[in-house]
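This is the structure, below, for whatever I ask next.
Chains here go by letter, A, B, C and D, matching the order in which they are written, and residues are numbered from 1 within each.
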Amino acid sequence: MGRSPIDPPDPIDHLSILDEHGSLDTGLEPNISDDIHLQMFRAMLLGRRFDEKMLDLQRQGRIGTFPPIKGQEAAQIGSVVLLRDSDWLVPSFRETAAEIMRGRSMESVLLYYNGFNEGTIIPKGQRDLPMSVPVASQIIHAVGLGWAAKYRRTDEVIMVFFGDGATSEGDFHEALNCAAVYQTPVIFVCQNNQWAISIPLAKQTHSKTLVQKASAYGMPGIQVDGNDILAVYAATAEAIDRARKDGGPTFIECVTYRIMMHTTSDDPKKYRSEAEVEHWRLKEPLIRYRNYLINKNILSEPVIAKLEEEIKEEIRTAVDRAEAQMKNLGAPLDMFDHLYAELPPHLQLQKEKLTKELANSKGEAQHG
Amino acid sequence: MVMGDMEMNTDLLIIGGGPGGYGAAFRAADLGLDVILVDHRPRLGGLCLHAGCIPSKTLLHLTQLLDSTRRAERMGLRFAEPKIDLVAMRYWLRQVISSMAGKLMSLAKRRGVLVIQGRAHFSGAGTVRLEGAEISGIKFKQAIIATGSSPRPLPGLVFSPDSRIMDSTAALALTEISKTLLVVGGGYIGLEIGSIYAALGSRVALMEMKNRLLAKADADLVGPLQTRLVEHFAALHLGARAEGFTETAAGVVVRYTQNGKTAEMEADRVLLAIGRIPNCDDLGLEHTGVTLDSQGFIKIDEQQRTSDARIFAVGDVAGGIMLAHKATRQGRVAAEVISGRKIGFDVRAIPAVVYTEPQIAWCGLTEVAARREGIAHAVQRFPWQDSGRTQALGSFTKLITNPADGRILGIGMVGGNTEGFIGEAALAIEMGALAEDLALVLHPFPTLAETEDEAEGSNDNAGHILPKGDA
Amino acid sequence: MAKMTMVEALNLALRQEMQKDDTVILLGQDIGPDGGVFRVTDGLFAEFGGERVVDTPLAESAIVGMSIGMAVYGLRPVCEMQFSGFAYQGFHQLENHAARMRWRSQGRLRVPMVMRAPYGGGVRALEHHSESREAYWAHTPGLKVVIPSGPRNARALLISAIRDPDPVIFYEAKALYRAFREEVPEEEESLAIGKANIVRPGKALTMISYGAMLRPTLAAADELLQKDGVEAEVIDLLTLSPLDSDLLVASVKKTGRAVIVHEAPQSFGTGAEIATRLIEGAFYFLEAPIERVTGFDTIIPYFSREKSYLPGVQRIVAAAHRTLNSK
Amino acid sequence: MSTSFRLPDLGEGVHEAEILAIPVASGQAIEEGQVILEIETDKAAVEIPSPFTGVVGDILVKVGDMAIVGDVLMTFETGVEKTTAPQVDTPPQVEKMPPSKEYGQSPVPASPSTRRLARELGVDLRAVTATGSGGIVTKDDIEAHARQKEQSDPLPKIVAVAVAAAVVPARPPAAPSPTGLPDFSKWGPVKRRPFRSIRRATATQMTASWAQIPHVHCQDNIDITGLEAFRQKHKAEIAAVGGRLTMTVFAMKAVATALKAYPSFNASLDLAAQEIIVKNYFHIGIATDSENGLFVPVIRDVDRKSIKELAIEVDGAITRVRTGKFSREELQGGTFTITNAGALGGHHFSAIINYPEVAILGLGQGRMQPVVITGTDGKHQIVPRLIMPIVLCFDHRVVDGADAIRFLHLVINALEDPDELLITMI
């Protein structure tokens, strides 16, 4: 009888190691080898440059609509870098940098945004799911994968990405709940970039933080400065370590910012102020990391310049190869492939119909 | 089931899992019908197995053992006074019952007979509603009612498990062997259970409305048993009618009238065994064409058909002699009729055995019936004294024959182990044997069977037995 | 051979597949110790444990979504929707992912999962428990839809569904769960998905049905034979998608008349698709308009009115007479 | 000794009867042979004589009841037990068996397996002659008895089947069948009569006939001016000896002749055996209308009887039918049927074959009609003649049209010219 406070859930931390002014909490600074640092920096830089290139291509009409990632490189690379080949990545649709680091080719990205199914092929041996457009729907797949990995007694972990908007979807909650109930080895990485198209976080949720939602499911969670790659790395390392030891799932809220538009067909000026964007530009992750590495003598201006050149070249060749590839792709009849293991009779008929149609109207039905 | 009513369909629905019910079910399944059997007990066997013949016969086996050891004493073979461990006894009883029930269930499974626990009530043409089952109802093409019978209560008296006034079921649970027990009813149930309690140490008194015991059996067969019970039981009150019971803390006070006078007597416990009533009250028969006879038993024809073409009835619920083996046969007959065979219940010698000490057994025509139905008959009695192994005083075999040709119509016997060869008697009658045939069958010596030879040997020609004065 | 209800037969299929193949995992609500609300998974928890018979939180989307993840990983999940009326909360997972994973990944990722769901009326259930919405699934490219009509084919089809490399929606008619028993062989028996079955050959007209409606359809065929001496051919679809058009067309080419029976609403339903296939394949053989005997295009009423909603023998016979009499 | 009397099997697939009258009362003393019941079966109304001398015990039926063969109708207290007639040929119906142990009687000695066989073959143990030692009935006895019952079956199987099959479901319906008929009483008062007994039997018979026989009708006309004159001339003398000289009588003779010439018209088709049964006797049935319905009394050996004999016999048969005082046997064994609508004024009509016969001849009313006659000089002239329409309906499975025409012409020629009739008449 009576009324008494119940034990509050475990306290939730906010983690920041390297801030936008370059000040570093050496006590928390993770111990990362130079190679890994170079790897991460390269990946971030590539992510950034490729994003910029795609915007150009889109503006030149050489690819279709795409969602830029600019500003979120740290939140993606800092976490993905810790995955093993045997682990799984379940991306949403704004994790190009992360995907590329996992092994997705830039060509594949270009093909996808040019409307080619080939753009969602997962290379053999890569244990990732293709990017997923219906918001939050992919989160639960990670739980299924995690359940299976656990059932098979492996130490594999599954890392799933989603945005702040996704936290309002039922699937987000069902997924976190199930993951906690079954203690599956899943790392929920929330890219809180403050905006879901035109809806600011304040309108998305009345919660003070997104990470606190984890507590509701009895799951450890941590909020990190998503533009601080060291913080992201540290938090992820901790979570992955726990997961591999059968310690269950973790929710990581990466506080970051969508510097660009939602997709190339969106005009943010309609709903957010330039001031806000400017404010966040100052916090953007790449410069911060660059300076940190220079301070640590892991990088130097000439090295960076050389890196820029390499990457530029890589991207150019990728674009050339993709565009060359596209010329020989897109035979319409391919749409019938891979729907079922075996093509059922009615589809066989429909395929034949289209074949005839194509024969009669040369090229007309061709892609382009 | 959380949602919805699950209804099943079947060729044959059988209500009741006793010897009649499973007899029918197994036969029907063997003949290729789809069979569902519904019973309120979780496992097959019915009252007979779970609270009737089987437990009583099992216990009677014990009491006979006791009895023999006591008689052995007189023959110079002494045993220590036996200790009675009720708990162990109940446990053993449960073992016996449960292993038999287990066998029945596996037989059912092997035959694809679906046994559903629940209570069935007819709800319309060809349908029953189920109570206490996950299936809510069953649609049937044909149904067999085999719900059996229950002990007849006195007006205004309901049996309750913790009451000191017991029915046979309660009595066989052996809750306690009370110092004194009053058995009301001189039928075979009262006599058998009375004997069990007597053997286990109760002082048993018996009260019977009529002036004799076992009204269905011939009086002369009952004679020796009655003499025996006089020594065995504390008291026999014949022609005494129980009027009312008052339960006290200590026991039960019974008010009764005997030759006009009302009196009272007290007993620690009372066993009420004044006959049995058919279990058809809550079957929902009003939704069927089934009709009942004056005593409330279901009316059937020789194919076990009730007045509702779809519905058959077998065993106690259909009246007649209430015996397990009869019910089983009727069940098989019903099953065969339903699967289109031209047969009927055609048994001339239903063997009945009263497992008291001495035992009484008879089959075929009794003198009582012969007289009632005006059937010409001759009777011969053959005492057992001169057959070496029997000690039971006044034991004898009787033959009821057709005076015209000496054909055997009925055989009755009282003595030890009559159950052992009443079967032979039944065979003789069913085969239409002449008394002479029976006499000419050679029986090994020394067995009780020899008395039957004597039954014949003592007269030259079976064809000319004249009815005895007493016939 | 043992006599089984459809529930027992489905249970047998699951048990035997689980014994054979440790990638087969069951998940759903109350399927563990409770054995499922219809007892289809009875005893499986005891035999295989909570790791393979997984009780889930009340989250249909999660049940389907997790199944997708498991399937991608290489397991063969068989998930149970407690009632098909609740499956819509998992709809987008099937539509957006299960049905497309193979296609999106160009064959690299496969989703060999089964979604079992009790459907249909006739058992006096409360609202949301009697719908027959198989058309939703049959309309979705990438899914297969299987609906058995009795214990024996239910067992054989479930086995095929579990082994199928693609996602299969397995609809189970509640009305059939315990309606009758059938001999089901202990030894393995499977039926090809995508093949319909002529359960009763005839020349005068073709009656096409599936699931719970097969029995009234057969009863109607009996009545036609007894009262009118008409021999109707009765076809049990068994698989709705992919539809066995060839068998249907061949039959109607022979009979020239067709009656399609299902309990789902009429418009844009299975019947509409079948009728079209018949017109495409047997137009010049048709002697009469194709008849559809279906549920009405209303919400299926609460069970007091259910009987008049569901197609019954008389309604089917009447339709047959219409096709037979139209010149 | 008490004995019960059961409804005997009246043969021809009859298995039930309506109780018309019970001329005796419980407790009444009766003589063997005295009429104790009047019943009406599907075939006929029959009086049942008592097989016992004794006192009537319980009467278990009341007028209007439908009794099933084997039902106990009444019991008797008799001096000595009778083991005679009715029970002897009373095999118990399978649907409903008599109690195995007759009141006051010891059971017939037979082993259980033998008794089971008896039931399977529907044999009453009491009817069987026992050959076993000490009077035990053996399986052989049962089989022997069953075989002999088999042979004494009155009609070819197929009919028994047809009738039985049709009769069983035809049990008078209590309420109107749910489907089918409208509620006629909506439009005016109606009365429901039980559809059974002779009406139902007729229906059954006609349905069986119409359903199974492909009927063909040949119509024609006969100029009976001469024959009519002949009939008028001899009418009185026949009447004097108690006969009625009708067209039917002449037709019978003509038909008998034709049947001799074309025996396949005097046949029955046994589908079960895939045989045509040609009869070497000529029993002709005369369709007779009566208050109780349509009956067909059979005149035996028409070929061997003179016109006079026939005129007397036919008249007798018809009167018996109309007064309901005829025996079942009189209705059996016909090989061909003649129906004469003329007496009632019927002209052209067609008839349904009296199954299992293969043909029926219908006579219409003779009427004066203008007829064109071509004289020897080739001149035509119209003269009034008495013309009788005639129709031959036959079973096309057994006979063909050509034969039918020939058959018909034989009949026509015989009837158009009495002399011809005399000559051809055997």
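We take it that contacts are C-beta pairs under 8 Å (C-beta built on N, C-alpha and C of every residue); 3 or more make two chains touch, one makes a residue touch a chain.
Only a predicted model underlies this, so the values are computations on that prediction, with no experimental measurement involved.
The fewest steps needed to get from subunit A to subunit B, moving only between touching chains, is 2.
The chain occupying the central position, as judged from C-alpha centroids, is C. Farthest from subunit A, judged by the mean position of CA atoms in each chain, is D.
For the pair subunit C and subunit D, the distance between mean C-alpha positions equals 59 Å.
Put simply, the C-alpha centre of subunit A and that of subunit D have 99 angstrom between them. One finds 55 Å separating the Cα centroids of subunit B and subunit D. Separation between the centroids of subunit B and subunit C, computed from CA atoms only, is 53 Å. Taken residue by residue, subunit D touches two or more other chains at no position, since every residue touches fewer. Chain-to-chain contact here is organised linearly: an open path runs through the chains from one end to the other.
Applying the touch definition to all chain combinations yields A-C, B-C, B-D.
Within the complex, the subunit D residues that touch subunit B are 94, 96-97, 99-101, 103-107, 109-112, 115-116, 119-120, 122, 134-136.
Of all residues in subunit C, those touching subunit B in their complex are 2-3, 5, 37-39, 83, 123-126, 129, 174, 177-181, 183. The residues of subunit B lying in touch with subunit C in their complex are 1-10, 34, 109, 112, 114, 134-136. Within the complex, the subunit C residues that touch subunit A are 25, 51, 54, 56-57, 59, 61-62, 65-75, 77, 89, 92-93, 96-97, 102-110, 141-142, 144, 164-166, 194, 242-243, 245-246. The part of subunit B that touches subunit D in the complex is made up of residues 301-303, 341-344, 346-348, 373-376, 402, 404-405, 407, 409, 430-432, 434.
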